[in-house]
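My structure is below; once you've seen it, I'll send some questions.
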Amino acid sequence: MDKLSVSLPGLDLKNPVMPASGCFGFGREYSQFYDLSLLGSIMVKATTLEQRMGNPVPRVAETSSGMLNAIGLQNPGLEKVINTELPWLEQFDLPVIANVAGSMTEDYVEVARHISKVHNVKALELNISCPNVKEGGIAFGTDPQTARELTKQVKAVSSVPVYVKLSPNVANITEMALAVEEGGADGLTMINTLVGMRLDHKTGKPVIANKTGGLSGPAIKPVALRMVYEVSQVSSLPIIAMGGISSAWDVIDFISAGASAAAVGTANFVNPFVCKEIIDELPRILNELGAAHIHDLKGRSWKVGEIANHRA
Amino acid sequence: MDKLSVSLPGLDLKNPVMPASGCFGFGREYSQFYDLSLLGSIMVKATTLEQRMGNPVPRVAETSSGMLNAIGLQNPGLEKVINTELPWLEQFDLPVIANVAGSMTEDYVEVARHISKVHNVKALELNISCPNVKEGGIAFGTDPQTARELTKQVKAVSSVPVYVKLSPNVANITEMALAVEEGGADGLTMINTLVGMRLDHKTGKPVIANKTGGLSGPAIKPVALRMVYEVSQVSSLPIIAMGGISSAWDVIDFISAGASAAAVGTANFVNPFVCKEIIDELPRILNELGAAHIHDLKGRSWKVGEIANHRA
Amino acid sequence: MIKVEKMKIEQQTEIAKNIYEIRLKGDLVSEIKMPGQFVHIKVNSANDPLLRRPISISSYDKREQTMTLIYRASGLGTRELVNQTDEIDVMGPLGSGFPVETAQGKTAILIGGGIGVPPLYECSKQLKAKGFNVIHVLGFESKETVFYEAAFKELGPVYVTTADGTYGTKGFVTNAITEFNLQADVFYACGPVPMLGAVEQQLSHMPGFISMEQRMGCGIGACLACVCQVNGPEPYKKVCTDGPVFRKGELVYG
Amino acid sequence: MIKVEKMKIEQQTEIAKNIYEIRLKGDLVSEIKMPGQFVHIKVNSANDPLLRRPISISSYDKREQTMTLIYRASGLGTRELVNQTDEIDVMGPLGSGFPVETAQGKTAILIGGGIGVPPLYECSKQLKAKGFNVIHVLGFESKETVFYEAAFKELGPVYVTTADGTYGTKGFVTNAITEFNLQADVFYACGPVPMLGAVEQQLSHMPGFISMEQRMGCGIGACLACVCQVNGPEPYKKVCTDGPVFRKGELVYG
């Protein structure tokens, strides 16, 4: 099992595989299928200060090899998450990454301050990139200055390391990464969804009530991979990558691109066992590739020369 | 047939369907399959001042519902295009849209000046968005000021209307659209490809020699549709839309999103007859939707109220 | 327990225009709790179509470990399902169905619209077995899409409506209920949302149960795609886990 | 003329580990000009896999309107091709093949590596019919992936090599050519690019023809995906239309 263990700021992971935020709730539903302690970590659903109703329905639509969603950050709010959801996860041997969202800086700061004190929360994921919140969420994710500033303020109050989740809806992803690195981020998670839409054939109107939604799934994997490849070469921050991962080979791709760990989103809906299956499969692939540890493959897409030994 | 005729700056089109640049060469190959005079127009392969060799191989890779390409603007150069390729197209009743590319402003201006004088060239498509040219192509496509300036200079020398092709690799597509509108563009074409990559499983290295490539095909349709939807609501310029179109319903979607015409790229590779089949199919769909003319559906995704009559 | 199983396709037949009946065999059937539950189907192993498709269980036979689904081949996924011959990836049973066990009264009216008809079949069978008189009102688009009329007739009277009047009463299920002055102690309805709203209004004098539809992601309550608005302190419920069957009066119709 | 046709799948068999032989029937066969041409196959009607797959024509029978392809099921597309039973969307014939009609000499050596072997079969049959002595050197990974040895033997001597030495000569086709001191007037080669380079060097003393591989988009010369570097004024040629078969000396090996 040591072939897969990964050490990241705040996170000592049995393996680099975890469900992505919003695609696994707070774990309850998927705990029907397997023991969550198997997972490297869990990125729980975005938490906001107050309860959120989310967007009207329809909230999802299918596209070629992808799906659109506009859930709109529906969640029970900070208090309920702290009092009910996170304590429930204590039964598992599972470090939690809390996804923090809001409309204004103050919201983020408040949520971060409190949620980072919860025992099993080992890191925060700053969701500055959700395309489905109107009040300003998107601005945080596409403007480097705002993102840096927000990161700084959240870092100032957080009791655990802070990972910032980058939006792919930018011209220059490395600029965003470097901005939040400057702001004091401990790590990056990338990518959130691309903004897309689908129309109803008959009416010509958007299928999703919110009109546009976030595109996820295999369709976006090439974009995610490219962004991880670019950012990992210029930023010293560890990256937890996501975007279309649905197999162990996809995880290998993202590690090869330069990520340190990988998260699985949409694929959970297709196959509820996917995270477990990936974790089971990875050692076999490492053998096939002659890698003693998964991080021996890290960044090999751009590193010159032979496979490095990560402990060398 | 009048159901489909569309009038755009410089272009009186029998129908709003045309092959997208780079996916149909200069028409020779596809003329083996059907009479090119059936097409609304043809967007020919990018032309640069001098002959270009393009990128090393492999130049393409497949992804889920998409493909990556990094052809690198291989083309025989302005002179040969003017003397050989465009005259060959004279045999068809077919207005040509010439795709103009370059590394520096001067290149674009020179190509535009000369190619716009060719008899069957009825419009230019300024390719400021090709992700596969290193020297600066991408900068034109993601910086509003540069794009506006380039548009202005090309407009100053062009003998025909100028359409600017927008890159989707930006945070704010409307800003780019408005910038080139300010620069004097007569129309927009959108979208070019998203930057993506694929890795080889065994080596972990990029499959494409150029490392990254442009993602096209059904995978990107949701992003393209969203961008057309956004831009058509703020810009008064007509839009020729592309991105994942492979059926007549896809064309209807883009018209509904606000486009005036539609171009088919990658789908030609899958089905060489696709443009013809779409043109044949459109009247049936218009009947089904009760639309007297295809432009009755234009923008219905965001327009309030009933289907408008485009001649009202 | 929810299973994910490659179920054997025992039979697949077109029983009306674009309407297919498919019989599946597998362990999953043992887990079915009540009529009105559904399964979530991956129609092939490709990335496109990506998502599973929710389809109601129309009837089941625990001894044989078989269940029957009825679906309309309309979009990409259901059209692909038609091509499957061997086995199919099914997740289920999901959701909470029609509470037949606790049903009260003597006469039940079952009201289905289009592809909302299928789950009512098992519901009717079980009500009948409990001693209920079952009356059926089944609404379709037109004559060629009518299915299962004979099957329901074996259980009790059937009133068919078609929107275009090519068969049975012209109009909607509500028209037939009025026309034939149908009376009952409880109703069970499944169909398009406008139909459900109309039925709730029309039958406001009796208790009833309504099966809702919503676009789904996960099918198990995790993604919050499938919410519907309800009366009560929690503004939303999830169709996939809290439903698809709701009590009359619970739902807020937009 | 290039056709796009749903061809009937007459037969499909696994003839070695992961190596499939498929026989297709249709009008397209009438258009085949020479051995070494290829077809571009859409393995199913889905968007994923999106692109067609180039596969060489291994042999054809114009009277019967059938052709046989041999392919390795490795990636997404070819594995999906295995599942097809009824008909398949084929574009072709494409490219320019081995110029057997103009061949000069008495003895030809045909050198194939792995899935480069198939197009040599028709080439050998036609050379033989023209009166050539045909010698075959076929390289494979290991014993379990060897195919068509008997078929080629009916035409002339066959030397098999395997990279792992589990069958025939251990090593590469070039090893067998040296070991058995094979002589000829002309060679025809198809296989992985490194093999082609080595063969060109080794057989520099005789004329020869080489079939190249490259990743393709359109397959008909429009997209410029499939170029290869050549000696001469035009820096690139297109494998799909100028090739796949090139004259010895034309290609520049990276």
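First chain written, first letter: the chains are A, B, C and D, and each begins at residue 1.
Just so it is clear, a contact is a pair of C-beta atoms (placed from the backbone, for glycine too) under 8 Å apart; a residue touches a chain by one contact, two chains touch by 3 or more.
For clarity, every value in this text was computed on a predicted model and none was experimentally measured.
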item: Set of chains whose contacts include both subunit D and subunit C; value: A, B
item: Cα-centroid distance, subunit A relative to subunit C, in whole angstrom; value: 36
item: Inter-chain centre distance, subunit A versus subunit D - centres from mean C-alpha coordinates, in Å; value: 46
item: Inter-centroid spacing, subunit B versus subunit A (mean Cα positions, whole Å); value: 34
item: Per-residue overlap in subunit A, given as positions that touch at least 2 other chains; value: 63-66, 217-219
item: Overlap residues in subunit D, where contacts from two or more other chains coincide; value: 47-48
item: Pairwise touch network: line, ring, star, complete, or other; value: complete
item: List of subunit B residues in touch with subunit A within their complex; value: 63-66, 68, 142, 169-172, 194-199, 201-206, 211-212, 215, 217-223, 225-226, 229, 244, 249, 252-253, 256-257, 289, 297, 300-301
item: Interface residues, subunit A side, partner subunit C - complex; value: 22-25, 28-30, 32-33, 45, 53-54, 56-67, 69, 71, 74, 217-219, 246, 266, 268-273
item: Interfacial residue positions of subunit D with respect to subunit C in the complex; value: 46-48
item: Residues of subunit A that touch subunit D when the two form their complex; value: 64-65, 218
item: Contact set on subunit C toward subunit A in their complex; value: 1-2, 4, 42, 47-52, 76-77, 91, 214-228, 235-236, 241, 254
